[in-house]
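Here's a structure for you.
Read from first to last, the chains carry the letters A, B and C; within each, the first residue is number 1.
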Amino acid sequence: MQCLWARSSGLTSAPVTALITATGIGKSFNLRPVLREVSFSLAPGETVLLFGRNGCGKTTLLKIMAGIMRPERGQASLDRRELFTSDCRWRYDMIYLGHRPSLYPAFSARENLRLSLRLRRVGWDETSFQNLLERYGLSDREDEPVEVYSEGMLQRLGLIRLELSRWKLALLDEPTSALDADGASLLGETLARWRTAGRTVLFTSHDMLWGAEHADRALHLQRGRIASELASPTAPELLARLTGET
Amino acid sequence: MQTFHSIRRNQVLLAITLLFAAVNLWLIYEVAPVVAKQEMAQKIFYYHVPLAWNAFLGYTIVAVTAGLYLVKQDPKWDIWSLAAAEVATAFALLILMTGPIWATPIWGKSWSWEPRLTTTLVLFVIFLGYFMVREFAGPYERSSRYAAVIGILALIDIPLILTAVTWWAPEVQSHPQMEMANQPSAILRVFFFSLFSFTLILIYMLLYRRYVGALVYRRKIAQGEIDHV
Amino acid sequence: MAFLTILAKDIRLELRTRESLAAMVVFALTVVLLFAFAFDFTPALRGTFTPGLMWLTYFFVAVLGLLRVFGQEKQLEAYDLLLTAPVDRSLIYLGKSTAFLLLLLVAQLLSLPVFVLFLELPLAAAPGYFILILLVTDLAIAAVGGLVAGLSLRAPAGDTLLPIILFPLLTPILIAATKATSAALAGQPFAEWDFWIMLIITFFALFVLAGIFTFDYIAEQ
């Protein structure tokens, strides 16, 4: 146990040219520390799995990186631009997809996406929109209000939002939780495409098989720190780390 | 174990505060001349006005430390802010009590919408909301930030409330303080002594409450560490 | 730009659902009915009470509107979309407060006839001044309301906390708006009550600045 802790504080495997670097992120709820000192960095084009037991702070960490939650301690920089400051330009390069997909129920898929792109100053491209609807199986539903969508459809819509937007780093919180097998494999293909395009993805998943299959690297979040990391992880390795938690 | 009163500086402060309070009582009842028309009821003037001074000084400290907390994100400022909010609200409550006690014999009714008293009442209600936000607005890290914002808004609001209430009921006047300038110097000397004495009480209460606040904060941190493992 | 996008989004949402506006107008009508039964005015008293009752009603209507305009950000975590967009937090405050301001104005214009008809609000006496008072008062309500609603949006007990925080902060505005409305509709010259307008404008200016500077600390979890 001691050695794991020691290893975490002196995290060394940072890629040489990191896209994002976070150091010493700390966050408490009612003075109970959830994140103590989280430090990590991601290289361009990496697809990285963040895993750990329920309640270990995966969602909290993603929300902090996305700028939704305010950390008490720590710094981070994305492409040499400071995060957690009042300068909001770094958010052009980062996109976040949470458990729930951030949509207005009364708006249609088209309206929701147009709004999101407008806020990020990306132009609207009807052809690619139609193609993506086709690929994610939402054709002909794009003008219905999304309140009638199922959870899985909402998640697919969230993925279309990511496809249409411009970004360098995507933070995905349990992207497969509501997806069926077809949807999960579709997301797998998309992740592979993003990797070749040099886009970085940090995602969480409770599905270790799926996670291991698509991650280049895995960060183990335990006791508020990145306790260890695995290069090209396999599902048994990940499970061993999880069950080995004391 | 170290307590607030085992610190030398605080013992001295307490001794001085008590001494001044005792001398203050003696001055008010034995030395200060009795005002003809009001007789003993006038004596409350030596409490009421310093209480108001303490409350509004306290609310100013709330806003200043709240601003520092938001900018520096250091919990020590939040502990100061909460201490000042509680102490100031206690003084506000005392103003709301002593006001009617004075008004009953002088005005013949216990509550009148006198501007300063009304402003204190509104502020008191704002700070009830402030404490509710601290309790009910989510985890400490978030609710303390929200409370800080309300503390700042409250200070901005004070002059506006006072102006509005003064213009609202111009017929209601005759506050103890209104006749200050016409008071004989024997009364004024006692009054300023009382003001100073009450300021000492404010400082003492503020330091004590901050000390307790810091203890509670440290204990919660320690508890959080234990629960986490 | 982002300000207009957020404003347009809220207007569009309201036009799509029309829930808030309907609720606000019907609520105003209901309250007027309750007032009429509760107070049993003699005609002479009506004139003195009506401006106060009207503003009291609009304070409650404002809370309804705020709960709607800010509440819709909570469903499906839509608020995260605004927070993760490259948009300054103060523009979220200004955009949403402006949307609320427009909503409140429309709700007031639609419910004013009720006050004229049932509580004999002498609107025809000074319609121009009345519009001026309405505008500045709504600006002040929106400046504080947007800030407090942004705060209550993130709190578990936020819907209950909203009026508890908002109303005491707004007391100077209730006094000023009521006094100014009474004076204007009684035909007093502007110079005799213009200080109320000054007070409301000062209030608005101070709180909108406070909102711009503090919304950063309120928006995030």
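A few remarks follow.
Assume a contact is a pair of C-beta atoms (placed from the backbone, for glycine too) under 8 Å apart; a residue touches a chain by one contact, two chains touch by 3 or more.
Being a predicted model, the structure only gives us computed values, none of them experimental.
Each chain's centre was taken as the mean of its CA atoms, and the one lying most distant from chain C is A. When the C-beta contacts at B-C and at A-B are tallied, the pair with the greater total is B-C.
Overall, the chain located most centrally, as judged by its C-alpha mean against the mean of all protein C-alpha atoms, is C. Distance between chain A and chain C, defined via averaged C-alpha coordinates, is recorded as 39 Å. Measuring from the averaged C-alpha position of chain B to that of chain C gives a distance of 32 Å. Taking the mean of the C-alpha atoms as each chain's centre, chain A and chain B sit 49 Å apart. Counting partner chains per residue, chain C shows two or more touched chains at residues 217, 221.
The set of chain B residues that touch two or more partner chains comprises 145. In chain A, the positions touching at least two other chains are 70. In the complex of the two chains, the chain A residues touching chain B come out as 27-33, 70, 72, 223-224.
Taken in their complex, chain C has these residues touching chain A: 1-2, 5-6, 9, 12-13, 16-17, 72, 75-89, 216-217, 220-221. Those residues of chain C that touch chain B in the complex are listed here as 144, 147, 151-152, 154-158, 160-161, 164-165, 168-169, 171-173, 175-176, 179, 195-196, 199, 202-203, 206-207, 210, 214, 217-218, 221. Those residues of chain A whose C-beta lies close enough to touch chain C in the complex are 63, 66-70, 86, 88-92, 94-96, 98-107, 111, 115-116, 118-121, 145-146, 154. Taken together, the chain B residues at the contact with chain C in this complex read 70, 122, 125-126, 128-129, 132-133, 136-138, 142-143, 145-146, 148-150, 152-154, 156-157, 160-161, 163-165, 167-168.
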